[in-house]
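What follows is a pair of complexes built around chain A, which joins chain B in one and chain C in the other.
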Partner chain A sequence: MKIDRRSFLSLGVGAVAGLTLSPLPWKMMDDSSIWTQMWPWTPVPEDGEVSYVNSTCTLCPGGCGILVRKVNERAVKIEGLKGHPVNDGGICILGLSGLQLLYGPTRVKTPLKRVGKRGEGRWEKISWDKAISEVAEKLKNLRKENKPHTVGCISGSANGTLPKLIERFLTVYGSPNFMKIPSIQDSYELTLHLTQGVQALAGVDIENSDFVLSFGSGIIDGWGSPVRMFKANSALKKSGGRLVQIEPRLSNTAAKADRWIPINPGTEAALALGLAHVIVKKSLYHKDFIENYASGFYDKTGDNGFKRFVLDECGLDKISKITGVDKTVMETLAKNFAKAKKPIAISGRGQGKSPGSLNEFMAVHALNALVGNINKKGGISAVPEPDFINWPELEMDAIAAKGMQKERLDGAGSNKFPDTGSLLNRFAQSINSGETGKKYPMEVLFVAGANPCYTMPDTKTTKKAFGKIPFVVSFSPYMDETAQNADLILPNHTCLERYEDMPAPVGLTKPVICLSKPVVSPLFDTKQTGDVIIALAKALSGNISKAFVWDSYKTCLEKTLGSKWDVLVEDGIWVDNDFTAPAWENAFDTPSAKFEFYALKTDDINPVKIEGDDNSYPLVLMPYDSVRLANGFIGDPPFVVKTVSDTVLKGKDSFVEINPETAKSCGLSQGNYAVLSTPKGTAMVKINLFEGIMPGIIALPRGLGHTAYDKYLANKGLNVNDLIGPVEDSVSGLDTAWGIRAKLSKA
Partner chain B sequence: MSTKENAKDENTENGSADQDNKGRGDSSSGFIILFFIVGLVASLVVGWIVFPKLLYSRKKQPIDFNHVIHVEAVDEGCESCHFFREDGTFSGIPKLEQCTDCHEEAQGEDPNEIKFVEEYVAKEKEVPWLIYSRQPDCVFFSHVAHVKMAKMDCATCHGPVGESEHSKVYEKNRVTGYSRDIWGKNISGFKKNTYDRMKMDDCAQCHEKETGDKGSCFQCHK
Partner chain C sequence: MNKEHKDTKTKKFGMVIDLDLCTGCGACMVACMAENNVPFKEDESNKLDSITWMRVYKLTNGKSFPDTDICYIPRPCQHCGGIGDHGHSPCVSVCPATATDYDHETGIVSQIYTRCFGCRYCMAACPYHARYFNWWDPVWPGDMKESLSPNVSPRMRGVVEKCSFCFHRYQQAKDRAYANGRREIEENEYQTACTQACPAGAITFGDLNNPEHQVHKLVNPDPKHCGRPKNPKAFRLLERLQTNPKVYYISSREWVRRAGDNYIKNESKQIA
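Right after this comes the complex of A and B.
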């Protein structure tokens, strides 16, 4: 008797038979198939009680109402709030992606103190108490040295309780250096101030207009309050109104307009005056308005009036030569504009992120005056900012009073630029140049709700200026480029975690206040910047502490908004429905009590200058805006970047748009790599042939090329601000640059 | 050696092997049968007894819950705690907040009650209940369609849970992560009652009986 191979085979056969007759294989088959549906990395939506919270989106100054769907404590979807006066249920792509900014990895989770070199990205976590006392200590010392004016702040906005709290803090501390991120709002405010004598915001009633003449304003590319503008554009189409888009590049707005008129870039003012020429010459202007409510139209002793100037200096041949727009096109356009019942002319290129030339705004606004649609339905009206911040008067001590008398570092409000409130575009230059050395250096800089190291043209200069400021404090909730270059980050809550008011969303025709409120409790150890400012004030004691009577930002907000608070918490928006723009009799607060046409000079019809000489740089580079890309303080969340076409961004490469003719002359074809250089810098780009751009001009989108945030946002394409620089307006000091001279060569 | 010799050798070897086989034929086949039986029995034991024990890990609920006491104390039966929200979604296992309505302070001396109040109510911490009837994430199930519209009893699927005085042991499938109650206690997959199993076939069976159709894939797998 021997046990051999066959016995073991038999054992195996028996085992297999046994297993087959047992549930094991069948159960395992079933379980393993279920297991494959259960990969631990598969995201699983939260299950639980659904609730909705309404709030205001503050990712841009649009002021859209949002409705956030929550499952238990997790926010899962942001939608537009139906019935909201701004967006009525609509939402833009950035607003939709807001949750990625809340839950994404780009958040700063606790106060951070720099330990490595500036920008090296080495941080140490510190407690709030320690962080605040550290800042307070620095500020105390500067006051001891009688240098309060060397503290400054760059804020994303100048309106609302938070920016006003910061400004109040700086004032009572003793510094005039409160700056804000510039935009076309600055130019519009200045235009209304100079022509109508009012301190007001421009309300743009596109919805009710029947002829919109847009000088490059991307009304469906994110200009004004973006969602409202989408809807206004649809309303305009529905009611049979016309949109004429004037710009050198076929933007989305131009493509959807009734007529696109390509124009030599920077010559918009000349075209506006050319149109004025036709309107005046053919007597198509609004007689009642011009005769009774306008001044400066006719000659005055010693002064040529608007009429004489446009008739004599703005002949169509001359204007046609400057602008590249055909004479007959101008004639028809001017006639159609003037004959429309409710025409409106608007300016501010793209999304209106760059303030632009004052001259251009004044010329375009003069068209509105000529057709008499000021403070009218379907026109432009001066809307006062809601007047709700009435805090007790400040009491400055001697140090503060002395500090406040110093000239601002950016030169705003100086003899040179008396009418401008803030000139951030001059700030970096002023810090870097020796000129400042003579004034005073900046010792401490706060940055709140802004990312100047990314958004300001000429980022290199901006970063260099930051390098000269010994102590930079960022209040950003995100690890953005400015936070990365700071010494201390005191992270704010994101807009879905905090209370904050947003008065006067851009372009609305009535005074409005929006309120954003917490949708979820703060996820991390962050703090409302308002609370940090109040804590700093308390730590500094004396008059500074006295100026801040509130124990928290929320109390301050609640008390400041007073009777409006309940409405705002309930609806998220307060509208002054009783407001109507004053009739012409009472509308103008100028010396003449009339609308004032400004005195034109021959130089006013020349193109707005840009940097660089024609010989070394034969082409012109223009930044353009797309609603698919956020280009301000907020970076593009991954959802947004995914929607960008692969002729704009592919992998890490940005594409530059170029007319096929121009490309041919440079020896470039579709998809080629090329070296793009401007007086500000050099970068590698890819070529995208585009017939919708004028020959000789090339364009790059704003909003790409972040170097900070997280791996999803960083290193995608090129930041156009690295390649362009500011150009100063001689009257306002604001940045007028619409482009820069450039050169493309084969890589 | 030549090729011829090789061939001869092999023949001889084969011949001797044949002879051996003849000699021990019966005993060898006996072993074959014995080994077959051993293998068969061993693997049946493994498949029917050892495997189910290995497949499931046994977990106790954080708190031993007595449904009987609670059903007696409340007015609206199961729906007192397992209710429908206003939007029609089903609340499932109650949140701590609901328990706290009655259990802010410990009621009685039961150690489970004291543990519940001390560890969860006082610390405002949700109880990590283990859910016997939890379905995979790819399954969409609407309680309201079944309970309110088809007027089914909770017990039809969940069994007489309301009559339990203790929380039964939660057996977690080590492969899928789900409760044993989905496949059913019976490892061979046989069931006597409607609530013995919660697999897709069980849904389909009832659907076919009640509606005449098993339904389409996307009704549940959205």
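Right after this comes the complex of A and C.
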């Protein structure tokens, strides 16, 4: 077709008219403006009256004071409470994101009853009345069958009115099986008990010390009360105090320490005794303390004393060989430690989630004794638990009394482990071997403030044990791994919706009680677990009902706290300011009324054993803790997951830290996929080369690999508990595992 | 130029971060997210599209075991003043929409979301990677919208956002001071969310022009050299670009200070 001027013009006009009339340009212009303009569905947060409510954060046992900013009834920001004795305005990453837990999608909104298979995730809503009567019915029947001891509870803590109410309930019902999540507090309590004869918590006065010798304790990785420790670390730096960190991996604490001493893992006790060797040999110990307030230092008839043992058995050549620490390093370190004015030695690896070897705690504590900093400023003191729970005596009926006679399923308090209160690490094993008729099966298990199906080493065994318990009740406010594996979920309020006391935050040097109180009214149909326990007791009538004289948990709390209640509601914290740790004359409640050095055996300087043989597993896998990965009962909220480095987690993949030298010998390089296997399991990981880790060791962080919670956390990375298992301490029965043998091969 | 408050002194708000105290805990990052309604999404492990106004980087000295060392370095927007502090920050200079501007009264580089049309020139210009683009609409799952603060407007898809030195806190502090008949605010009345949250006390915030303020005392900025710190332990990031940032770092470790700028191979160890 020939295009003349006329047709060209008409085509042109037609094209312009057509384009103008067509929606295309308008649509595109509109789209581009929408792209760049305020979208109506971008939320506009409602403004209103601003108010502040103070409370206590109970997301970890740290006991920080918080100040919550509210706009009308909405809580919009959590901040640290200025002037609070624990955190004085500071706050950690988890506390800051508490509102994401309160308002997040992982909340359990009503009581739920399982309808599908265990763990399938099919639930049916039921009413509180129905849920409680169902549990009560089960419990009544078990009592009728004379099996009250087959009911147990796993609690996040053993202190405070709520755990004590549960324990009281179990006792009057007739079960000795109250267990708690283990931590280094167990080892510290036992150490103080055995050396000083006291029932007390360890108060750690880092901020006033001038030389902190840390055997792997991550004081800025979340050890103790995390925010207080951050502050103590800063105080130490400003006052010119020194921090020496002993561990095989360059943790944040090691990086910030004045000196990092890498050590063969598991040989911390040997190093402590090696340092003791120098201190004793050079006569650098605290003469007054050792001569007048300590026993077992010198030989007694038939018994070798501490002195002889460290002089004879802990020669530096031998210790150097075991620990991999240079002789001269040990000598200087021991001298500096002993010559410091206020030295302190602390133990418990990382955040102190695993109790550790008792021998190691005793050896490190012996250093504290040698320099005489016990119950002193800047040292370790025995702090009694605040004594405020004075409830009327229980009256047990015959069934309960008989039930209480039974040995605990976890073996705590038995002839084998007489000094230990709870041994959750032995529980799963005990349930799983229960079929052989050794003890008795568990019929009902309550889980409150804990997530054992995620946090306990060797999750497979734990889950298997859960599978053998016919009826599991979870009190979790969140749909966590344990709730997922339960038969009934009776959701508690979150800590921003409920009253609850938290006595004795970890490591404080004075007796303290903290109180969390409702910042907002409960969002959902949840119930304070204390109220559920009281309701259950009432439903069971008889002596059980009689033991619970309160009509609600709040009344119980108010009456229990008595005169402290008003102070606690006002300030959120009560401190026994009059308390000072007793002077050495009155400090020790041992048979000798002195500090008792324990009798050492040659075996005590050997490394703490881990699972697996060196031949099939040439490497060692160690879990490590990071403040950016909550690894306890609470999982990381979205904000916190966001802060996790892309060399720890990328997409769904976990990275394993490995020294470049070791990686090379395995034929692996940065970013490679590799198969990691341990005696407990096998998993796919990616390689992250890190110069700060000892060759031969690989490390994985705790806190990843959740299977529950929301899409922001679930199915990301690897749960290191899938790959490790507990190792029992021969004296305490507590878990001593600091790692496991492992193997890495190309994927 | 904005000259509306002639009766008040010109401020130059800045931040000093002590890297010896910083523990890398990340509280500053989350305090910032919670304060400023920063969005989050399912996968945040691609750090190129992960919005973190305050981001903590990890540095290593590159030495092998056991001489390895690591240091964390928190990086908010540096609020550059440009050469001579005339407000020619890298980002402000390139913004075609005046969506980001330099406030001569406070020295704060603003970001006005409704003006931004997402060309991302500023992101290309920023040498500190302090600016982030909203590739997706923000989603707050469950009831999380309830926790949004009315002081900071949530952003929409298609705009750039960055640290504002919690400017809304400055406005509120000023309002309160005016209501009390004062024209000037006290040092502690205006503090950013990260400063307030830092459990290690590593962050200090205040007016660099005011010799009474901690920030001034800590770094002792040299007015002759665009505020370059006189404190030998203090440094600014990429000092040699002459962006004239208002965020200072303090470190007693030489390798950390050196990591704050780029050097060509074999260049003198002396820091410029």
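One rule holds in what follows: the second predicted complex is superposed on the first by the 703 of 747 C-alpha atoms of A that agree within 3 Å, B and C clash if a C-alpha of one lies under 4 Å from a C-alpha of the other, contacts with A are read in each partner's own complex, and residues count from 1 in each chain.
What we mean here is this: a residue touches a chain if its C-beta (ideal position, glycine included) is under 8 Å from a C-beta of that chain, and two chains touch if they have at least 3 such contacts.
Predicted, not measured: the structure shown is a model, and the values here were computed from it.
By the touch criterion stated above, A:Thr509 is placed in contact with neither chain B nor chain C. Contacts of A:Ser22 after superposition: chain B is touched, whereas chain C is not reached.
By the touch criterion stated above, A:Ser430 is placed in contact with neither chain B nor chain C. Residue contacts after overlaying the shared chain place A:Gly14 against chain B, while chain C stays out of touching range. In the superposed model, A:Thr161 makes contact with neither chain B nor chain C. By the touch criterion stated above, A:Val44 is placed in contact with chain B and with chain C alike.
The partner that reaches more residues of chain A, of the two candidates chain B and chain C, is C. Contact with chain B, but none with chain C, is seen for A:Asp31 once the two complexes are overlaid on the shared chain. When the two structures are aligned on the shared chain, A:Asn451 is found in touch with neither chain B nor chain C. Across the two superposed structures, the residue set of chain A contacted by chain B and also by chain C is 35, 37-38, 42, 44-45, 47. Remark: chain A residues 35-39, 41-48, 69, 71, 74-80, 87, 89-93, 96-97, 99-100, 102-107, 220, 226-227, 230-231, 233-234, 237, 250, 252, 255-256, 260, 262, 523, 627-628, 638-646, 649-651, 659-661, 690-695, 710-712 touch chain C in the complex. Residue ranges on chain C touching chain A, taken from their complex, read 20-21, 23-27, 29-31, 33-35, 37, 40, 42-47, 50, 52, 56, 58, 60, 62-66, 68-72, 114, 116-118, 137-138, 140-150, 153-159, 196-202. Within the complex formed with chain A, the chain B residues making contact are 24, 27-28, 31-44, 46-48, 51-52, 55, 85, 87, 89, 91-92, 136-138, 173, 175-178, 183, 187-189. Those residues of chain A lying in contact with chain B across their complex are 1-4, 6-8, 10-19, 21-24, 26-28, 30-32, 34-35, 37-38, 42, 44-45, 47, 49-50.
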